[in-house]
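After the C-alpha cells below, expect a handful of questions from me.
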Amino acid sequence: MMSKALTDREQAVTTELRLPSRLGYEKVAMSTAASVAGLMGFTDDRIEDLKTAVAEACINAIEHGNRLDASQTVLVVLSIAENTLEVKVVDRGRGAVKSSVRVPDIDRKMHGEEDLRGMGMFLIQSLVDEAEWVNDKRGGSYARLAIHLDREKEVSDEPSDPD
Amino acid sequence: MNPQTQTRAKVEHNGPLAILRFEGDVTSASKDAVLGTYQKLPPETKEILLDFSKVQYLNSSGIALVIQLLMEANKSGQKVQTFGLTPHFQKVFTLLGLTKYTSLHPTESAAKAAFG
Amino acid sequence: MMSKALTDREQAVTTELRLPSRLGYEKVAMSTAASVAGLMGFTDDRIEDLKTAVAEACINAIEHGNRLDASQTVLVVLSIAENTLEVKVVDRGRGAVKSSVRVPDIDRKMHGEEDLRGMGMFLIQSLVDEAEWVNDKRGGSYARLAIHLDREKEVSDEPSDPD
Amino acid sequence: MNPQTQTRAKVEHNGPLAILRFEGDVTSASKDAVLGTYQKLPPETKEILLDFSKVQYLNSSGIALVIQLLMEANKSGQKVQTFGLTPHFQKVFTLLGLTKYTSLHPTESAAKAAFG
C-alpha cells in the first residue's frame, strides 16, 4: 500500500495511543480506532468489525504480550494512507505466530475436546481485510490489522472547503 | 481524505418561513453550509427555523458561524427559533448567551409555534 | 490530588494519545477521553462536557499551538488518580495564558464590537472542574483540565471479580 | 477503579422457563454473572432464554463463558434461545459456530416462540 510514490496528501497520517496493560483498557483502543475509521468514512458495520478486532488484539497484548504487567504499556498505531487504515498493536512480549490462529470447532468445544478460549486471533483474521503477526526481537512484537475503504461502496464525505 | 466532515444544509421554504436543516458537524469548515445557506434565502423570509437534530458535533468555531447568522438575521428583522440540540449543546448555547437571540425548543412544532 | 502517599492501587494510570495537527482529529481525542471517563464511571452528561472541553483544547493546540503544521503532533495525556481524571493537551507552541479566557459578551458580538470567535477557553473553563494553561518553555505548553468523580452522586461500577 | 465493568444478570423464572438478562460487558470478568447465574437456576429449568439487549460489548473470553453455559445446558438436556444481540455480535456468534447450539432471534417473543 506504500509501494508507489505518494504525494504529500497521500502520506500516512498517524495517530498513536498508549494504554496501560490492564484489561478493560481495550475499550479505549476500540473508541479511538472507531473514531479514526469514522474520519475516513468507513460504514458503521465495518467500524464494528474493526472495533472487535482491535479489542481482541489489545487483550492479547495485555494478557499474553505484557502478561498483565501494569508497568508495561500497549502501543496502538493507527495509520491512514490512501484508502487503507492500518492498526498496529505493539507489546513487549515475544509475539504471536500466525500458526496460533485456530479455527474454532464448536463441536469439539462442546464436548470438552478443545479449549473454550483461543478464538481471538481467528476473530481478528475474520473481521479485517489483512491480519498478520510480526515477531520483532528489538522493538516489541505486534499484530498488524488493516481495512480498506471500498470507494465504490462506501460513501465517504466529500472533502469540505479547506477554508 | 479530509478529516473535517462536510456540513450539509437542506432548506425548506413556506412563504415567510424558512427551515434550515443541518447535517454533519458544525465547525470552522461549515461557513458555506451555515452562512452561505442563510444568505441564499429569498428576501421574503421573515421567520427562520434552525434544525440541529442531525448534528452530533458543534465546536466554538461552528457556533461563531451560528452567531453570525443570528447577527445578520437580527439586522434584517428576521426571527430565529432553534430546535434539535442535544441537552449538552443546549447548555453550551446557553453558556455562550445565544439564547438571548434565539430560543431553544425541544421539537419542531414547539419551535414553529414560538413565532406566534 | 497526588499530595498524600498513594497505595499502588491509587497511583496514576496513564493513557496517551498522539494526534496529527489537523482539524477534525480533535474528534479522536473526544472519543478517547470519553472512553477513559466511561471506565471511571462518569455520567453521560459529565462525559459530554469533558468531550467539548477536550475538543476545544485540541483545536487550540492544532491551530494556535502547532499552527496547523502537519509535522507537529498534539499529545493528549489522560491520567486517572483516585477520583480525578486529568487531561493534558500538549502542543509545541508558546502556550495560552489564562488571561486570554474571555467571557463572551453576546450583545457586543451581535453589534460587531467583539470578535465572533474566542469562546474556546471560556467553554473549557465552564465545562470542567479545573482548567489551567501552563507555559512550559522546554517541553511544550499545555492546557490541563480535570474532572472529579462525585462518588456520592455518580454510580461507578462496583469493582468486579479480579478473576 | 477497576476498568472492567461488572456484568449484571437478572433472572426471571416461569415454570420450566428461565430468562437470563445480562447487562454491562461480557468479558473474562463475567464468570459469576454468566456461569454462576446459570448454575443457580432451579433444577426444573428446561428452557433458557439469553437476553443480550443491554450488553454493548462482548469479547472472545466472554463468549467462551457463553459457550460453557451452552455446553452445560446441552449436557442437562436444556434448550437455549438467544435474543438482543446487535447485528455485529450476531455475526460474531455465527462466525464462532455458537448458532449450532442456540438460535439468534430478533425479539424476545420470537425467541420464546422458538421453544415450540
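Chains: A, B, C and D, in written order; residue numbering restarts at 1 for each.
Throughout what follows, a residue touches a chain if its C-beta (ideal position, glycine included) is under 8 Å from a C-beta of that chain, and two chains touch if they have at least 3 such contacts.
The model shown is predicted, which means the values in this text are computed figures rather than measured ones.
Enquirer: Which chains lie in contact with each of chain B and chain D?
Expert: Neighbours common to chain B and chain D are A, C.
Enquirer: For the pairs A-B and B-C, output the one whose chains share more C-beta pairs in contact.
Expert: Taking the two pairs in turn, the one with more contacts turns out to be B-C.
Enquirer: What whole-number Å value describes the gap between the mean CA coordinates of chain C and chain D?
Expert: Averaging C-alpha atoms per chain gives centres 39 Å apart.
Enquirer: Starting from the mean Cα coordinates of chain A and chain D, work out the distance between those two points in Å.
Expert: 27
Enquirer: Where in chain B do residues touch two or more of the other chains?
Expert: Residues 2-5, 28-29 of chain B each touch two or more of the other chains.
Enquirer: If a residue has to touch 2 or more other chains to count, which residues of chain C qualify?
Expert: In chain C, residues 13, 22, 24-25, 27, 30, 39 touch at least two other chains, as defined above.
Enquirer: If you connect every pair of chains that touch, what shape comes out? Choose line, ring, star, complete or other.
Expert: It is other, because the touches fit no line, ring, star or complete pattern.
Enquirer: Throw together a list of every chain pair that touches.
Expert: Touching chain pairs, listed by label, come out as A-B, A-C, A-D, B-C, C-D.
Enquirer: Could you list, by residue number, the parts of chain D that touch chain C in their complex?
Expert: Residues 1-7, 24, 28-29, 31-32 of chain D touch chain C in their complex.
Enquirer: Which stretch or stretches of chain A touch chain C in the complex?
Expert: 13-20, 22, 24-25, 27-28, 30-32, 34-36, 38-39, 70
Enquirer: Quick one: in the complex, what on chain B touches chain C?
Expert: 2-5, 25, 27-29, 57, 59-61, 63-65, 67-68, 70-71, 74, 86-88, 91-92, 95-98, 100-101
Enquirer: Given the complex with chain D, which residues does chain C contribute to the contact?
Expert: Touch residues, chain C against chain D: 13, 39-41, 80, 156-163.
Enquirer: For a test of understanding, state which residues of chain A touch chain D in their complex under the given definition.
Expert: It comes out as residues 22-27, 30, 45, 48-49, 52, 55-56, 59, 104-107, 109-110, 112, 116-117, 119-120, 122-123, 126.
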